[in-house]
Structures are given as structure tokens and as C-alpha cells.
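Both of the next two complexes hold subunit A, though its partner changes from subunit B to subunit C.
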Partner chain A sequence: MEILIYGTINSVALALYALGFAMVYGVSRLPNFAHGALYVLSGFITWSFLNSLGLNYLISILLAMLATGLIGALIYQFVLIRVRGMEISEIMASYAIGLAILEGLRWGGFKGMTYTLPAFISGSTEIAGIPVDYQRLLVVGIGIAVVGLLWLFTRYTRIGLALRGMAQDERAAMMLGIDSDLMAVTAMGFGSMLAALAAVLLLPLGNIVVESGYNILILAIAVCIVGGLGSWMGAVLAAFLIGFAQILTVVYLGSHFQMVVALAAIILTLIIKPSGLFGRQKELEERV
Partner chain B sequence: MKTRQWKILLILLTLVCFLLPSQQVLAEEPIVLGCPLSTAFLYGWAAERGFKLAVDEINAKGGVNVGGSKRLLKVEVIDTRDLEPGVPVSEALLAVEKLILNKKADFIMGGPVRSEAALATMSLLNKYKKVSIVTTGVLTPNYHAMVAKEYDKYKYCFRIHGEAKNLVGEMFANFSDLKEKYQFNNLFIIAQDVSHARGAAKVMKAVAEKKGWNVTGVEIFPTGATDFSMALLKAKKTNTEIINIWMDMPESAILLKQWYEMKIPALPFGSTLAAAEQPGFWEATDGKGEYTLCNVVNAGNAPSNATPWTMEFYEAYTKKWGVEPEGLGTSSSYMAVYVLRDAIERAGSLDPDKVISELEKTDLMGVYGRLRFDPKSHQVIPANDPKEGVVGSILQWQDGKRVVVYPKSIATGAIQLPPWMGK
Partner chain C sequence: MLEAKGLMVFYENMLALNNIDIKCEAGQIVGVFGANSAGKSTLMYTLSGIMQDIKKKEEMSGGERITVMGEVKYQNETITDLKPSQRARKGIVLCPERRRIFSESSVLENLKIGAYLATRSQAKYTLEYVFKLFPALEKLKKRIGGFLSGGEQQMLAIGRALMAQPKVLLLDEPLLGLSPLMQATLILATREIRDEMNISIIITEQYARPVMPIVDYAFILENGSAVMEGTKEELMDNRDIRAAYFGVEESYT
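Right, the complex of A and B next:
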């Protein structure tokens, strides 16, 4: 039972880490290597609103999400747009931005282990005799809600449909009058907001540290590669595969191998099915 | 005297006035302490602050007397980043080499902080004949074992703080007390996947089994792991009474919060549990860190009256940095500067061989007890009584305060158990 409970929690956390990355790549084919840095940055922005400006927690969260979304959009508009389509340059530019954000935070004095966000609900309960804290249950609840809302958003709103159109076929979308760059900026903004949402949900479980930015990026990439780059639903499914695999590894092989699972998943996927579970990239070459 | 002669005399006098101090400055080049530290982490920045406090104090009194001339001390720090996931040893080595070659460090102090990097640096210190005093991190017993094994090669390396075996001994002194008082018998070990912690976990398991403890599990987590639920549930299922934690990564805060929220009926007894060492831990966890125990390795890193100098240092540090000494590496870095100063003054020179010889003769009542080095291994000599040697310090978070509970000679309180343990 504990495998089911904590496997689900771990999987939803991974899905939250990866959704923003998947959205940006899905729409603009841009691998946003600043994703982990934006995650950490949003945590520190929330912390600053809460502790330095003394704002209400909920307002701090909303403002931090908006600020992170705006920062993401600006990063695209002023830097990444210039290298769009040049894959290596996109990776280098976005990674450099991420690095600058993380090192900037460190340089600005955000170091140490005492930066934390309060849990929304303190305390724990038991499910079938297994203790689970409320914050983790909330993560699962909100995580599922986010996936559901994202599904509705991409099917029943004009922007969502435009984003989907872009993700499916950029040229066809442009022929229908969809502004490619505008949609890419929008996707980067939404993707960054999703990173911020993941941060405010998951950081209260521990603390905000600069170094975790690199870790989050690796996990997000692993989930997206396994799920298929560009596929949001693939990312969710892959999050569950990796999430449960990690928990099973801890139980049956040893906690020592926990981090290897994500990296092994990347390698295996690239060997067996480079396009991932639901990815379209390289699918044609694979068939040929 | 003619006006022209007066003018020449005036110019000469002015020149003399300008030249005199510059010659003096040349004669008084500062002694450079090169500090390779992982500055983004507690064990790095706390050490840097300890060094700077001692250097300021010594410089305020005129500096170090080197064979009759007073020379000031200067601290040069380079970030080694070796506490980060992946343990970038090569970066730490580059930092040490840069300190020696570019910054012209006379001595290497502090780190590298991670044992793996410090071990790799030993050959470099031999290559450049630089005396080094390790003051923070570096808990592996291999460090001083290598000095003892190949003295001529590694004689430049000293360590002024406790090492993993000392920490294990201190842990078991407490475990035995808890066993006697509450009939505890089940021990669960959680360690980070780094050299000193892996080694310590192995030693802990072996010693525990030898002492009749039932080791209910050993879990090694990679640096950066963010979920500890399975290990905690295993500890609960096996009726564990003590969870021994060897973890300095920031994610250990997740482990402790999870332990509290899940109300695991076992005492979290950490060693080098960096997250719980800092005074800000209580606020950062909203008090969920209560009952957590951690070993801050040396007295002076938490408030106690180990020696008359302990609280004097504690207050001076708090006054200068606006925060109490925060954990491992603080008092030891501070004392290392004084120990080095004394050795240089006795040697009357910066010659490495002479300084090494004098460091080996060190006998100083410091912040955390009587400081002496084993002349063969260059490891500081530990004791339970500060009059005999350097003492450790184990603290427990009780009602928002860091209370020293071990060693008994300096303890300011006793270990308390969380109410959900029902003891």
C-alpha cells in the first residue's frame, strides 16, 4: 500500500516538475534549460514577497507565479527568439540563462538551508495505516487538477487551441493565422508559471536551495524524453512510470539507486524508442 | 643655505618620507591564508567567518611576529563548490592550485570541504610544500591515516577538528545512555552517498551489532534525493527507536520535516546534519525540527562553557556577523588561525618544515578544549574533558533553542524524547 501511496505522490511531483518544460517544448520546440532555475527563482520570489514584503501567503504565491511567467516570457522575447530553430544555440542560450539566474541568486545571498515556505496545511493522516502528511495529499490533489485544467484549457479556449495547433503543426497553424512567436512567448510564460506552481507546492516539503535547480531540470528532461518530447500527456504518463520505478527501486534495490532511475530511463528510451512514448519527433525515422 | 639648496633638501626629504613607508610595507608583506571553501554551504561560509574573525583580532594586535618583524594576516577565499551534487573534485583542486600560484598563499586553511576533494588535494600540498590545516568538513579517517602511513609525503596536512570515528564514539556514548534509560535496542541508519557518510554508516552498523544493537536498516541516499518516505516507513515498521542520520545535503530538511509530519516514533540523531545545525533551523521548519539531535563536531559551534574562551568566541562571532556560530567548521577555523600564529611565532619563520615542527608541538587551551596534534598523523587529539583534549558537541533542538547534551562535561541539558514515542 505504501508503494501505491508514495508512488503516486512521487509521480505527481515529477509531473509537476515536467509539465512546464513539456509545454514550452511542445509549442515552440524549444528545450528550455532554464526551467530548473525558474523553479528555484519562483521559490525565492515567493519567499521574498512573504518575508521581506510581509504579503499574505496566497497573494505572494499568485504574484510569484505571475512574476515568473513574465520573466519566462521576457527571456523568450529578448533572448531565445533570436536563436529559435537553432537547436544547439537554444540549449546553450537557455542553459546560460538558467546558470545566470542560479548563480545570481547565490551571489545575491540566497544560500543556506533556512529559506523555506510554510506548508498550506500542517499535520498528517493515515491511509490504510500509512501515515501521509496533508501537504503531500494537497500536492496530489492540485497536481491532478492542474492536468485536468490543462486538458480543458487546450481544448476549450482560443489560446489553448492555438497552442495545441502550434504543437501539432506549426506551419499549418501559421496558415490559419496563428502568430507563431506570440504563441511561443505565451507558452514560455505559461511554462514558467507551471514551474512556479510546482515550486510553491513542493518547496514547503523541504527548503529552497539554489542547487536543486539542476536536479529539477534533469528530472523534467527525463520525464519529457520518456514521455516523448512535446507531448503533455506523455509527460504525465512518464512521470508515473519513473515515479513508481523510483519508489520500487528504493524498496527492492536500495535507496542508493533512486537517482539512477531517471537517468537510466533517458538512456533506455533513447536506445529503444528515441521518440518516447507519445513523441512525434524522430517518429518517422524510427518507422523507416 | 641658498634657496636652491633648500629646495633640493625639501625634495629629498619628501622622497624619503614617501620611500620609508613603502619599504616598511615591502618588509611587512601580509601572510596569505589561502582558503579553498565551498562558500555557498554552511561548512564553507561559517569557516570563512571564523577565519576572518581570528585574523581581525590578530591584526588588531599588530599581526604575527615572524622572527622579530610583525606581519599582518590576509585571508584569500576561492569557492571550491565541492559540496555540490556530483562532488566536483577537479574544481576544488583548481581552486587550491589557484590559491597557491595566483594568490600566493603561504598556507592553505579550511578545505577543500568534501573528504573526496581533501584527499585528492594532499598530493598537491606535497608538490607545492604548503602547510595546510583542514578545519571544516573532511571527516574521513583516511585523511590522517594517510599522513601516518606516508609521513614524509603528507606531513604538510593537519586536521584541527574531529573525524568520523570520534563522531561514531560520541554517538554510541549517547546510544548507550538511551539504551540504559529507555531500553532502546533498534537502530536505523540513513546516510548520504558521500565518502565520509558511507564510511561512517558502515562503521556505525558494525559497532552497533558488536554492542548488541539490532540494526533495522541502512539506507544510503544519493545527494539530491528528495523523498525519504520509504526509509521512514521502514524505520516505523521495524520499531526503530533511533534514526541515525549522516547527511549534510540541504534535502535533509525534507527528511526531518517528513519525520515530524509522519510522527515516526524514533529519535532523529544526526551527525553533520547541516540543515539542523544552523540557528535558523527552528524558524525554517516552524518548530518541526524539535527533538532533532545533531553533532556539530566541536564545542563553540553551539553555546556552552567548555573553556573560558568558548563563550568569549561565541559572543565575538555573534557581534561581528550578526548570527551565532552556526555549525561545523566555525570554532575550528577560528582556532586554526591562532594555532598557526603561535607555530609561526615559535618557528620565527614561514619555512614549512619549521612550521610543521612547531605545529606538532602545539599545546593550547582553545575554544573547544586543549589543542594538540598527534605528531604522527597530525590529527587533533580528542577527549571528553576539555582539559585533556578537544571536545565535541552534540546539540538537541528543545523549545526553539540549541541545547548541548553531550559531552556531559559541557552539557547544558539532557536528551528529550518526542511525546509520540510514548516513553
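Right, the complex of A and C next:
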């Protein structure tokens, strides 16, 4: 029971980490290696709004999400757009930006264990005799809601449909009047906002530390590779797979094996089924 | 309406289009015929602006050097440097070779993505029109695009292009690999689109015979050059053309 509850929580958390990354990659084929940095950055932005400017918590969160989305869009518009289509350069450029953000934060004095965000609702309850705090329940609730909203967004709105078109065949989308650069900026903005959302939900469970940026990036990549790069639903499924695998190793092996699970998942997937569970490499054969 | 003047396209040093002048007046159906590698798709990509994107991507990845010279004009406005999305906004929509439908989306979703440029009422109206034009699509609207047959995919591709509210529709080899029956259906539909929606159409094909009855004017491309052009009657009267593109063999007497 404990495994079930904490496995679900962990899985939803992983899905939240990965959705932004999956979205950006799915739409513009851009592996955003600054994803983890944006996650940590939004945590510190929220903290600053809350403690330095003394804003209301909810307002700080919304502002931080908007700010992170904007930063993501600007990163794309001014840097990544120039290396678009060159895979190695995309990785190097986005990773460099991520490094700059993370190490910049460290240099700027955001280090140590002193930075924390408060939980939305403190306290805890018991589910089937297992104590669970409200914040974790909130993570699961909002996580599921986000996945649902994303599903609706990409199926019933004009922008969402255009993003889906771009993700499937960029050039065909262009022929229909969809501006690929505009859509890529939009996707990057949304992806960054999703990173920020994950941050404000999950950071209250621990401290805001710069180092977690690197871990989040690896977890997000692990989930996306196992799920199949570019497949959003695959990412959600993979999050549950890795999420439960992690909790099982914590219970039966020890907590420092968590990261090993993620890395092993990447390696195993690449060896056995490089396209992942729902990869797009196995596209239906063209009919002539 | 849509016009290209002195169009030259080079892939590295290979001449893909050689000094092409082509014109499509409002309400016309213009045919472009030629064998494989005659330059039909290159012409379509250049007219629709996709060539800009191909060129940019090749430059970025250090691939082929593509040079485009000449001028593309639309309603007396030069659009040579416009991006494909901007041209589509003006009403030039390409329905590409090999259809390129969104294979993971359902038929209905393909059409909805196509309606990106349409207003809500335009989208509703055009959707009804597409289903009237191709009743087969309505029955398949929940089917995933990748599971459609070639003919169904082509109907969907044309329908999707119509959803983008074109004024000039560029059809690149719409009959490729289809049965004679399906070819006839598509050709009739093409004429209906022109007559009922008042859309000008440029259509390319390797084999001219099925398309010829509906075109007003046609060009014949060979190795990137327009070797012949004229009205339907003028081309039909030419014996060489008949033999090469209509499959009508005649003995020289």
C-alpha cells in the first residue's frame, strides 16, 4: 500500500518534470537541456517574489510561472533559433544556457539549504493507515489535472492543434499557414511554464538547491527517452514506469539507488528499443 | 493572379528550373506536366515558399547550396521572399506530393489543423463542403490518418488544404499511384473546387491524359525547362506531345 501511494506520487512528480521537456521536443525537435535550470530558476523567482517583494504566495507563483515562460521564449527567440536543426549545437547551446543559469544562481548567492518554499496547505492525513501530507496529494491532483488540460488543449484549441500538426510534420504544417518559428517559441514558453509549475508544486517538499537542476534534467530526459521522444502520452506512461521502479528500489535496496534507476532506464531503453515505448521512429510506412 | 518570372533554381550546380515563366489567372486550372525530375515539385516548392525553408535548413546543416533567382508575384505583389506561412495567409496553399497528412491524427483532426487560418464560421462551412465533396471522408472521420488508403489520404490532403482557405491551390501530383477510378474522382473534384469555391488551381502530373480535360492552360517541363506551353487544344494538336504525355502512339506518315 505504501508502495502504491508513494509510487503514484513519485510518478506524477516525474511526469511533471518531463512534460515541459517532452512538449518542447515534440513540437520543435529541440532537446531543451536548460529545462532543469528553468525549474530551479522558477523556484528562486518564486522565493524572491515571496520574501524580497513580500507578495502573496499565489500571486508570486503565477508571476514566477509567467516570468519563466517568458524567459524560455526569450532563450529560444534570441539563442536557440540560430542553431535550430543542428542537433549537436542545440544540445550544447541549451546546456550552456542551463549551466549559466544554475552557476549564475550559485554565484549570486543562492546556495545552501536555507531556501524553502512553504507548502500550500500544511498538515497531513492518512490513507489506509499511511500518513500522506496534503502537499503531496495536491501534487497528484494538479498533476493529473495538468495532463488532462494539456490533452484538451492540444485537441480542441487552434494553437494546440497547430502545435500537434507541427509535431507530426513541420513542413506540412507550414503549407497550411502555421508559422514554425512562432509555434516553436510558443512551445518553449509553455514548456518553461510547465517546468515552473512542477517547481512550485514540488519544491515545497524540500529545499531549493541549485544542484537539483541537473537531477531534474536527467530525470526528465530518462522519462522522455523511455516514453519515446516527442510522445507526450508516452512520457506520462514512462513516468509511472520509472516512478514505481524508483520507489521499489528505495523500499528494497536503499534510497541512493533512485538516480541509478533513471540512468539504467535510459541505457536499457536505448539498447532494447531505441525509439522508446511510443517513439516516432516507428512511423507507419508510407503508402504509395 | 499567381505568376513567376524568370524562375531559376540551382541545387549546387545542377539546374533544377531553367528560366521558367508561368502564370495562373483567376479561376483557371493550369497544368504542369513532366517526367520525374523535370522540376515539377521544385516549381511547386518555389511557388509556395517551402523552398525558402528547405534552403534555410540545408544552409544550417551544411548541406546542399540552393540558389533561387527570379520573381514570384501574387496579385501584382512580389512575394519572392515571403515565408510559406505568410504566403498561405495570402491564399497560396500547397497540397504536397505524397500527401504528407498528419498520420497520428484522425481525419477530423487533420482537417481541424488545416483550419488554422480559417475563422470559426469559415472552418465550419469548409468542413461541410469537404464532406460534401468527398462523402467517403465523412464516414472515416474518426479513422487515424496513417491507416487510410492512398486515395483516401489524397482526398484528406486536398480537404485539409481547402480548410486553409486558399485562393490559389497548388496540387503536386495528386494522382500519384492511384487507381483510374480514384483518379477520375479526384479530377472531377478538382474541377468542382474551381467552379464552386472559385479557387485557381495549379496541378502537376507526370501523365497528362487524365488531367488534360479539366485544364485551361498547360506547361510541359523537361529537365527544368518549359519546352512547350499552350491551351489544351494547342497541346493536343501537337503530335510529339501526344505521343510523349498522352500515350497516344501514331505512325508518322
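In this section, the second predicted complex is superposed on the first by the 279 of 288 C-alpha atoms of A that agree within 3 Å, B and C clash if a C-alpha of one lies under 4 Å from a C-alpha of the other, contacts with A are read in each partner's own complex, and residues count from 1 in each chain.
As a working rule, a contact is a pair of C-beta atoms (placed from the backbone, for glycine too) under 8 Å apart; a residue touches a chain by one contact, two chains touch by 3 or more.
All figures in this text were calculated on a predicted structure; none of them were measured in a lab.
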Now for A:Ser48: first (subunit B), second (subunit C), both, or neither, which partner does it touch? neither
If we overlay the two complexes on their shared chain A, which of subunit B and subunit C does A:Ala162 touch? Say first, second, both or neither. second
Which superposed partner A:Val210 touches (first subunit B, second subunit C, both, neither): first
Per the overlay, which chain contacts more subunit A residues, subunit B or subunit C? B
Where does A:Gln77 make contact in the superposed view: on subunit B (first), on subunit C (second), on both, or on neither? neither
Going by the contact rule set out at the top, does A:Gly177 touch subunit B (first), subunit C (second), both, or neither? second
Do subunit B and subunit C land on any of the same subunit A residues, and which? none
What residues on subunit B touch subunit A, complex-wise? 39-42, 45, 84-85, 193, 219-222, 224-227, 229-231, 233, 236, 250-251, 253-254, 257-258, 261-264, 274-275, 278, 280-281, 283-286
Subunit C partner, complex, touching residues on subunit A are 83-86, 155, 158, 161-162, 164-165, 168-169, 171-180, 182, 283-284, 286-288
Of subunit A, residues touching subunit B in the complex: 2, 6, 9-10, 13, 106, 111-116, 118-119, 122-124, 130-133, 135, 205-207, 209-212, 214-215, 246-247, 250-251, 254-256, 258-260
Which bits of subunit C are touching subunit A when the two form their complex? 48-50, 53, 57, 60-61, 83-86, 88-89, 93-96, 98, 100-105, 109, 112-117, 146-150, 153, 160-161, 163-164, 176-177
